[in-house]
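What follows is a single structure, and I will ask about it in a moment.
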């Protein structure tokens, strides 16, 4: 049976391509979505792709994963470092959760070195640019 | 005259019953709401019960309490530890504010030991499970 | 069968009524004892009420609770923030332990924000004035 | 050509006038808006004025500034001290960003002394009461 | 009656124009003085302008403001981060004190993020380059 | 009328004379008591002198001072650095409290640099050897 | 001549056998006393064995060791981590002091990792269960 | 042309399979090596696989990669958290460096949360068990 | 022979009487000087009294004490908390150094709780108001 | 059957006897080895004794203990405070591990107060000089 | 052409020879000056030698170096650890700056371990006694 | 008699010339060795020059210096910041130890600001590039 994977993107990721391209690259979020869908298809996965700037909406999306998806990929962006509530939401899930960061957060500001959500993740992929999403999808095989 | 009490529940509490029952018990939020209404009735109180995963919505709800309610009971869940904005919203109120936590947050992860909102509360009730809401209501008598 | 509850009050609580009444109110410890007995009677509980300024005596009292009481209410006052030994004593008990603070310790000096004994408590009630003892008793029903 | 300035107000600022007037003064947010419009007109600026209690909405508003406004004035209120996501949103902008605080945050609680967003601001104006907005507008001339 | 404003500049500001122009710009202190005088005249203010590299001299200057000036503008430069004595001197004044920084100190080294004197200031203006002095003067109107 | 002064000595001070004489000198506690009595007499004061190794006893002694003494001199020794309960007891008193240390605690181990009780003292005298008690008595004139 | 060794046990050790046997084992304090006496006899030592829950009493006991015993074995239990006064008392002694802990305190809560009294000990034995007392006695040979 | 990838395993990884299998799984290092070779072959990569318990040897191995390999995969195990020297060695390389951890280090002891070498890595893969090595290899395509 | 005592007052003490009289009292520095001279005369001491706002001048004054005075009384005011250089200057002296603070610095802001110069003092007198100078002089007898 | 015990000595212990004899005594490592063999023989134990200055060699030695020895005694010397890798190696063993320190590390520099390996030890013996090795051997009986 | 080197000595160095000779040696500042001149001559350098106890004067001296000297040697003594203003002054210079300390500051009090000015120095020479000045001069060749 | 000086270079220094030349310059370790030999010859010193990436080997080398060399020059590179064992090895020596760093470590990452070995050095030379080795050799004259 086809595994369904939910991909959630957090705040400011809708600005990808225009935001500090030396850090984030020139791909837009739409590019990433297309790429994920192509990779997913090649791997026999089904992906649903979301972005929101709202912490509350992200929590709602995570709750929806419960019972409906076989895996979750999350790039919580700025909320990674400040949201206990998203950590709690992820902790409720019983499916694998992959935390993705486009840039290597350990090469950047000190406050980006601490992820509050990592202890709720199965795996973490960091610093591979947009390829990180692909690696996350491949990990489900 | 009947006192009106507003009860606000924060992020992930809509998942109660399915979330780590060894910590939070098996009661759902609906169970708690019913229980609160029954207790309120027996105490001659009127309760209005809300839940939201959004920090902004919770702030809106708190603002609405001003002038319309005689007391506020709040379980801010994950926002307890990260929200200066909710602390500020509670500080504006001139009615008693009771902070409730279902679990004993001091038996859990270090980051749950610090509540940003406690200094804006009149009283804090922590670790009594869902009975904590009842004790909060009883404190208004 | 009637539940027996031991209530232990720590250092300086014998001075209640004369000590900073703007923080602690004007009730004396005797007033609280009477109030607890009245409430206990109405709830069908039996209470025994102690106060001591000595950390060692408080530990002795806690040890006595083992096997003789069905619940413990403790306001450890100043020892709350400094006594590992009282934490250890409470940890030995297998009955519910309720930690009570008359004032909201989170509105006061930084050093009062950390309770060493909370992880050994079942529940914590803080900031309700002398009514906190009543709520503690009610929690046993 | 007329410069367009976006003014964003964060959580609880809709309660100005009723909130701790000894700190924030008695002007309401509407008063500030009117004052800003009058000052802007006298300076030959066009201002658009927003308030939201939602972190996500504030991020959306900031994104909208990109390419449409010549400057941004932001009083992020409580989110000032907790939001990496708003810092990230401001970092994407290429127009001047002025951070305004009505009160002198350095005379208040320790947790208000650290602004997460200041490194993304061009200039910071703090402690001038509602006049701070006017000074911010004047800085665009 | 004409308001008299004292402007005090701290250590190394006599080197402006030659010091890290990418941070401080190319204006010299004399340029700033002239600009302040022009702005003051246009605003109907009288300004007296000083610079010293000595902490003790700066304290003496602040003391002189008492009873003789209607406002104080101070850029304490390096002493901002290390001088309790200047904080104390400013605390004695009963006139408005505006703290000015040419650069945005929050974009620079960690040790520049903490101002010891801010709690003694009425208002703080930071990051506007030499225009910060003008905004400070305008705040007295 | 003759002022009555209570002098309380904390743990291990009964061993004075035998304990690290290079730090504490060779005077015994009895010597100090005699000296205090002689000085008190010459100053027209009445002194009562106590020593206890028990934190609880020291708290009891402090409580007794209330209403019966005109001043308190306390050398809390090791409890100086660990006892919130003694701080609380001293805070209840409305008479002057002088904190005395025989040695200069700032020349010794780091953990002796922080006194929990100083904020409850009117004055602190430290490092004068046994002469510190005399200075404390003289301060009541 | 027979060496005399004083063994002092601190708070809650009277509850051994009933307290968290997975950590402390099932031996009671009486069992340990008997065992120590047997071992002492076999080694030609004389032991005196005490337990107290009171910090003040423990200090008194330590003082009594001066001049009367040839060695001291102390398990200060919870006071290990909080008592400067016991550290001071031990520092006065001129005989070997052995600090014993039944459990390996470094496998337990963070607050048990710091012993205030270790710098006053000659040797420390930790984690050997009740056998630690025997090793301590053997160290005197 | 075939890319050559060097895989370096740090201390204790030679014990895989016997070491805490609930954390590290039951695969031995030989199993991982075989798996990597199989995957590499399928991807058209050439891999060389090393393990050493010596920090110095690991540095030597890293130096050898310079000019001879197209990529480096390193699981520095315990040295991850303590070795500035390995960080320096990795910083000299100009090929992509992938840091791999078998377990999710953020679910484990606090001291494992900080990697000294991450700022020298291109990408980090953590928590995927032995599959992490495969994902690392796939990232080179 | 008459002992000569040098009294040095640090920054802002020239403003005594006008500076926060609720903290420092209404006596001016001249009043204190007169008082000190009167007390010195009665004790058979000779005093020389200085005040400076300059750290360098204070160091010069301290150097002058060497070989010319029998004791030094210093109220370093704001430099108490920031000056390693004054600490070094005091360390060179071989005469008794008494550190005086008019207010109880432990009841005030956190940054006033740490004196850098105390380890170079023989004795410290704090919180006695202007009487502290008299006690310091008496300590030389 | 004879128990086999492996004794591992870490860096610089080969210099014993010449290194700071006031701290470590005058016995050489060879003396300790002989003493251990004598004691072992008397106890019916077999000991193998190693020293290495190399962290990697020490890890190799620990690995060899697996399945071949009944107990391990380790004095990791300087690596005690810095080696996560040795902690990991010890954690793999299923035999008792005794950590020995010749000096009382809590009387020495701050950085020696924290042992990274203690949580992997069964027991810790510290401060008994070379006798510590003997006590460690005796603990196996 | 002859290089001109400015040598600046900070607070208390005028007391060299009389100040803690076990740390600083018995040479006076005049001795050092003579020695520097002799060495400079032998190296073909010209030196100008200053000492001041005033932070402001030292900053003035540093400013004067701009454009007039080819190198600066500074022993900022106590200001090393507290002066951001001297760091700023040094940062303006475009000539090599050598920071010298007579004693090894890392063997002394903790507060001497942190130099605020080191990041503005080209090179640092520490612990060589008065020979450090000579090495600094030699570094200009 | 000719003084013999041992020069030890730590991890990654074998890569000098290829490693971040903007920080370390373009000289290789062989260049430095030749330069040191030339300088030594001119000074009448004999030098032996080593490099190792292994902490254990470096300790062995230091031990060999005992009794065979008259001075030690060490650039411990990355081990500077992490090795207690090297600090211990250096502490055993009774000859002068000069710590050298090529770059100014205080201009680099925070973790390079703390040297564990400095308290065991006689002198420290930092930031002079490869000339630092020469200055170290000159210090032996």
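Every chain is named by a letter (A, B, C, D, E, F, G, H, I, J, K and L) in the order it is written, and numbering of its residues begins at 1.
The definition used in the following text is that contacts are C-beta pairs under 8 Å (C-beta built on N, C-alpha and C of every residue); 3 or more make two chains touch, one makes a residue touch a chain.
Here the structure is a predicted model, which means the values were calculated and not measured.
K.L.:
Could you give the fewest steps needed to travel from chain A to chain L through chains in contact?
P.N.:
Minimum number of steps from chain A to chain L: 2.
K.L.:
Tell me, which chains sit next to both chain A and chain E?
P.N.:
D
K.L.:
Roughly how big is the turn, in degrees to the nearest 5, that lines up chain B with chain F by CA atoms?
P.N.:
To bring chain B onto chain F, one rotates by 120 degrees.
K.L.:
Looking only at residue numbers at the chain H/chain L interface, is the share used by both copies over half or under half? Answer same or different.
P.N.:
different
K.L.:
Distance from the CA centroid of chain D to that of chain H, rounded to the nearest Å?
P.N.:
A distance of 47 Å separates the two centres.
K.L.:
Mind checking the centre-to-centre distance between chain A and chain D? Centres are C-alpha means, answer in whole Å.
P.N.:
That pair's centroid distance is 31 Å.
K.L.:
Please report how many Å separate the Cα centroid of chain I from that of chain J, as a whole number.
P.N.:
Each chain reduced to its C-alpha mean, chain I and chain J end up 54 Å apart.
K.L.:
Which parts of chain D, given as residue numbers and ranges, touch two or more other chains?
P.N.:
Those would be 54-57, 82.
K.L.:
Go through the chains and record each pair that touches.
P.N.:
Listed in label order, the chain pairs in contact are A-B, A-D, A-H, B-C, B-D, C-F, C-G, D-E, E-I, E-K, F-G, F-I, G-J, H-J, H-L, I-K, J-L, K-L.
K.L.:
Sort out for me which residues of chain K touch chain L in the complex.
P.N.:
Touching chain L from chain K are residues 104, 106-107, 113-115, 118-119, 121-128, 131-132, 135, 138-139.
K.L.:
Tell me, which parts of chain L touch chain J in their complex?
P.N.:
Counting only chain L, the residues touching chain J are 54-57, 59-60, 63, 66, 82-89, 91-92, 116.
K.L.:
Quick check on the complex: what are the chain G residues that touch chain C?
P.N.:
So the residues of chain G in touch with chain C come to 10-12, 14-15, 18-20, 52-57, 77-82, 111-112.
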